[in-house]
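Contents: one structure, followed by commentary.
Chain lettering (A, B, C, D, E and F) follows the sequence in which the chains are written, and residue indices restart at 1 in each chain.
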């Protein structure tokens, strides 16, 4: 990656981080846990990387195996994360 | 500009816009006018473009003249904007 | 000019026309003041207090011989006899009730101003003794009722059980009625009010009282703040409404007066019978015939298990404040009519015209003339 | 078991030991109730009301012959004579003040419970007639004062001048004192309070009153909610503080009692002299000797221009509520001590022990014994 | 591009964000403005170092001239003229965007005769379009606010239709200009169309709505800067422009809400008339309305407040919320008292009863005679549902039925806010000319409800 | 990369942002989760379409296996075990980041034997470091929460020193590994160091602090994903990762504040013991505190509220602000009543006087006997400065001086909030075990002040 490319990624990083800060500033305490869980599911976005890493030929190579491991783990994180968050939030529904 | 470049700029645009929304959501009414004036000064960032546009040789060419016009106007916007905002905000200081 | 203040002679009266504070103001304006000995005794004002304020304390005869003589209650014929010919006197008069005194005044060419006749216009509010005294009366009527009642006003949840709040039903939301609402409400009662004037609803509610609205009937004409004409249908509906409510009331206060007329009977004997044993009625209109059919003037009677208080002179039960306010009212009128040089006699001026009863040997007051058919 | 209710015989008494509502509850528990004719008259309860509730209405003699006889005031010797041998009676007794009655009770082996001796523990609060009656007395004392005072309580800014609020000074912030604070405050007065127990400061302030804090002196020992020992220095400082304040007071209310002792004199004659003409003192402790040096029992006297009310039986002025609460208190005690089968006689149980005065021909109450040196 | 320059731009962007964030809080606002101006300085420096030495003089010259003009006006204007000034500056910003985009486009398509790619071309067109609207729109707003042209809405039939047609024309011109980059006529017409559209969207709007319009135009100028960023492929322009564009929209929406209008109305242009609360009859009194936020601000910045309660307070049962107001003021060490007129309300002592109920200390209630001289030294008088007792006609108009009645000199205070529901009359049934005085602001609505809102605003400050 | 794929990634990023924003509000939270999951789906689809047909099977296979496991656990766990589950998932996410970074690095440096540039190499190292800490840290948190290892802090001397050394080692290893990309040993040691560090930073932390730790580790896993984005030069990873990283930090800070700890402590690790509000003497009662925001939320979500006022309300003079609370509740159609205990306060009718002063309607005041059966059907009981009158010892403990006194059955309600200043006792001087009940939350502070804050929170909701 060249410096030019890094800079623009840094822009994205800075803006997204700032946005992350701003978004959470006023969340009510009841939602702390669901929010944590929900954003944990989002952090499973690594799955995108895992897919790309698995996109390898040749099972003999470590990078492939690592990719598959990553993919399984990330899939657990994503699927489980969203599902468990949803379960939690279902409970908040007004009787 | 190619599509790749556009996309990354769009990322920046989207994130910055979102951030703009979030930042303002809770501003007290007293600050509406100063905020408007202050962000107006920021919009004078066009001055960067104006400098680049003035960075031309040959006064015979329209682009140069336009650049200089832009530069003067943008400078008015920036200097005047910040100064007037500051004046306004000075008044908020408690006696 | 010399101002005389007489001691009141009417039974039960405790007020005095001027108080030391006001005497000081009167003297500051250049008048001389002379107060009959003992005039303030019942209002907790000693002769010494008056002297300290700059007044002379003198005999009745001497005070009567002043240029202007002030009193709370109207002058009696004997008192008029003591006055100087051509002098001026000011007091409550209710002139239409005392034709013989008027004749006496005219005989001596005395100019008499009546406090109750001061027109109730905005700029005369400071002279409005009717309001100032009615206001105190409104407070006192609740205190009297509370004192006579065998239960307490507020809701109270105690270890020995819950005491339900006293229900107070008030007839008439004039000055006195409104103050009664306020006072009863402060003490914690549940207050209901009935009146013929529709605008009183808002006023009552502004004090936390409930207004008994007569639904679906019109027929009340209001003129100058007074109900001029009330349709029979309205009165009937109102009566039905009240009959339902009075059964639950612990304390009933009636304040409905119609100036120059006998007070309307609002609480019939049947209604009294329908009330709970131990409840209390305070009839503020008892002097003009009473709003309650069975009230007796200046007496507290128990009828059908209901205590009925017919105190005719409520402000006299608050002599300190009542004198203070009356003194301000009467002195303000005096300052309006005269300065130390003498009276201005602006006969067309609204307040002068409204309050002057007799002048130069004649009855000049229109309203009194109408009532007395003179 | 049959419960008898006697008509009170003490002068000024208006209360009755049971009310129809409570009679219903007593009957529901399986007791029989028999009420002397006219017992409720002064509390606005007719014999018919009692009958409607299920009680028999009978003669004094018959009611006296019940298994348990209830009253408000202590039984007189004659009344004891009418009781059944070995029966049980409950009422206020203040046993240490009536040795002869105790002898009479013992002679007939009557077990007597005294309402004023019920221990003031949490679970006995529903039987605490001292509190329930003191509470009403606290309210009534303010109403009495307000009624006697020649001015109104609240601040009022009117066209005829401003009426300053009445200043009320209250001695003692027990149950009655606190209720007096609350009532005076609601009516709009400025209320100041003095007490020896430091914790009352917070309580007074919680009701909007101002507490006169004696600065820089300790010396009050509190035991079980009662001030046990007060240092002389404290009392001296308190007196100085109060002397300064009483001059401005319009209404003074004294509520300081010390059980089993003569009430402390808190308002000396000099203090009364220093007060404004027209002010009022209500002495709630007048029955135990009075907190005011010049108060007279059951009389309203005017001394040094100050009206001093010495009403000994304030709850009797609120017969409806006072009877209602007392009836709850006494019936709760009854249900605690007995069921329809008879009394449980758990002699070591705190409430039984605390309130039982005589039993099986002997004085068994410790405190009474100490005072009477028996 | 040099990496350090890029980093400088990134830093500038961060400073803009931080600056705007700080401007959210009264205490930090001024520092926020400073922070954002430092960001601007960094951005400018980072740009200037890139330029050729030979054009540096031109650039510095233009900047000095522009800054001088800007600073001159910024410090010269009266405080009351600031809104106009902001509008004017904003217009210049918009025009600058037009000029930059046009300059770049002209350079490439005309002078260097190369074909630019579609993305750049569209960006140029957008820059011109938005910048043009911003420029003329702001100028019109400037003129209206300054009273140089009438503040009244100027309307004609088919206005919306004309605007729509111009919009379509602008789109068409963009497409055509991209097709024929060699021919500059289309882009020049686009400039003209945008300028016209700017005028047309703002003239139908009344003077009272101008603040909203300026806020919106401010947002536009941010968007123009943003599109210029796309033209020049420059991140800091995109970030700063997008920030301003987005925050401006939100701010506009907030302001609209405060004025009870919808943003859609504003975006469509021609969102019409000022609400004018005319008196029912009698001599017309023109009043100035005030919103709850502004009222809250006035309280916040006062050092002394006198409340004049009247019958309306009783009707609204506003006494409790007034106590809350007093607590808010006392928190700010504002001297807060009540002036009690002897006949306020409908019975003697009416106000006393209610204020005592709300637990307001007796010390705070001052009689008319004792407080009447203090009004002239008071920053703010808050008249709550009182009318007759503050009617100056009692002093001045011998014809008035209340002539001769002593009144509270509320009109003598620096500012008067009157809380009442309408232009309804009081007990005496007479018009109150106080409401039309220059120092008097009307806060319409039920007293309890409006004061609750004011208190809430104050709590958030 | 295909432009459509890029746009899909952009859309996914926007959906993540929108989702998180929606999760700020109770009402929209569930929809927010859905929105963000749609974003995830889009991102996955956009990635899957890029892959070679031949590896598709592997990929789908792995995804199906992973998803199945994830869903199985998500639906199987008890509600009470959710925090552990989140920790576990989070750990997997961290490990996935490690694996992805390592995979890419291995592919390039070992299998393809090319030298990667410094930026990528540093990103890989960061990814491994943060991901590794996240993994083992989460696993430890999982075990502690699940009770599989002791929840007690495990501490040993020089812990901080060891952590610091490991950190330095990690930096050194990063540098060395970049220098010697051909030798994989350094990067593998880095993996080991990170895993170890993860364990060491979390074991000294007590079980009660685990929620904060999980939140922090969640933030770390976002950062790991973000650095992976740098490795793969992929925007959606950067945006999503940065969002989670930043929001996680803020969330952690908020949670710390709610628990009265500083974030610095947390970041340093070993931030020790639970604060326990122990009773002064007598049997220790462990209570749960609640903050004003959460209290406000509880009111907001209740359908029926009973207020139990006591002497503390009188002392605090909180009656007026309680009326405001009632207004807020009534606005939301919440059934709002007062349960008046006959001896609440210090004189008969004490509460009545004060509530009447605050203009609370008599209808709302319910006697003990009439309301005692309703508590069990009540969502929320708010005990304001009452103590003895709600002390269950009166029912259960014959030794207690208040035994036999009838009390309000506040403890029977679904939730009880108690507003008082401290664990101070009431008039009777006895401990109140209600405060330690599982359905009871303590809102410490002067009643007037705290309730004012609660009301303000509610106004903003």
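Odds and ends about this structure:
Definition applied: a residue touches a chain if its C-beta (ideal position, glycine included) is under 8 Å from a C-beta of that chain, and two chains touch if they have at least 3 such contacts.
Bear in mind that the values here come from a model prediction, so they are computed numbers and not experimental data.
More inter-chain C-beta contacts link the pair A-F than the other of B-F and A-F. When you average the Cα atoms of each chain and compare centres, the chain farthest from subunit D turns out to be B.
Note on subunit C versus subunit D: their Cα superposition corresponds to a rotation of 180 degrees, in steps of 5. Here the spacing of subunit C and subunit E, counted between their Cα centres, is 57 Å.
Work out the mean CA point of subunit A and of subunit E, and you get 42 Å between them. Spacing of subunit A relative to subunit D, judged by their CA centroids, is 74 angstrom.
Spacing of subunit B relative to subunit D, judged by their CA centroids, is 81 angstrom. Multi-chain contact residues of subunit C (touching two or more other chains) are listed as 125-126, 131-132, 135, 154, 156, 158-161, 163, 186, 188, 208.
In subunit F, the positions touching at least two other chains are 13, 17, 21, 235, 239, 317, 342-343, 348-349, 353, 356-357, 359.
Under the contact definition stated at the top, the residues of subunit A that touch 2 or more other chains are 3, 8, 11-12, 15-16, 18-19, 23, 26.
Pairwise, the chains that make contact are A-B, A-E, A-F, B-E, B-F, C-D, C-E, C-F, D-E, D-F, E-F. By the touch criterion given at the top, residues 1, 3, 6-7, 10, 13-14, 17, 235, 239 of subunit E touch subunit A in their complex. Looking at the complex, you find that subunit B touches subunit E at residues 1-3, 5-6, 9, 12-13, 16-21, 23-57, 61-64, 66-93, 95. By the touch criterion stated above, subunit E contacts subunit F in their complex at residues 317, 320, 323-324, 357-359, 456, 459. Across the interface of their complex, subunit D is touched by residues 14, 43-46, 125-126, 128-129, 131-132, 135-136, 139-140, 143-144, 146-147, 149-152, 154, 156, 158-161, 163, 183, 186-188, 276-278, 305, 317-321, 324-326, 328-329, 332 of subunit C. For subunit F in complex with subunit C, the residues that touch the partner chain are 340-343, 348-349, 351-353, 356, 359, 362, 365, 367-368.
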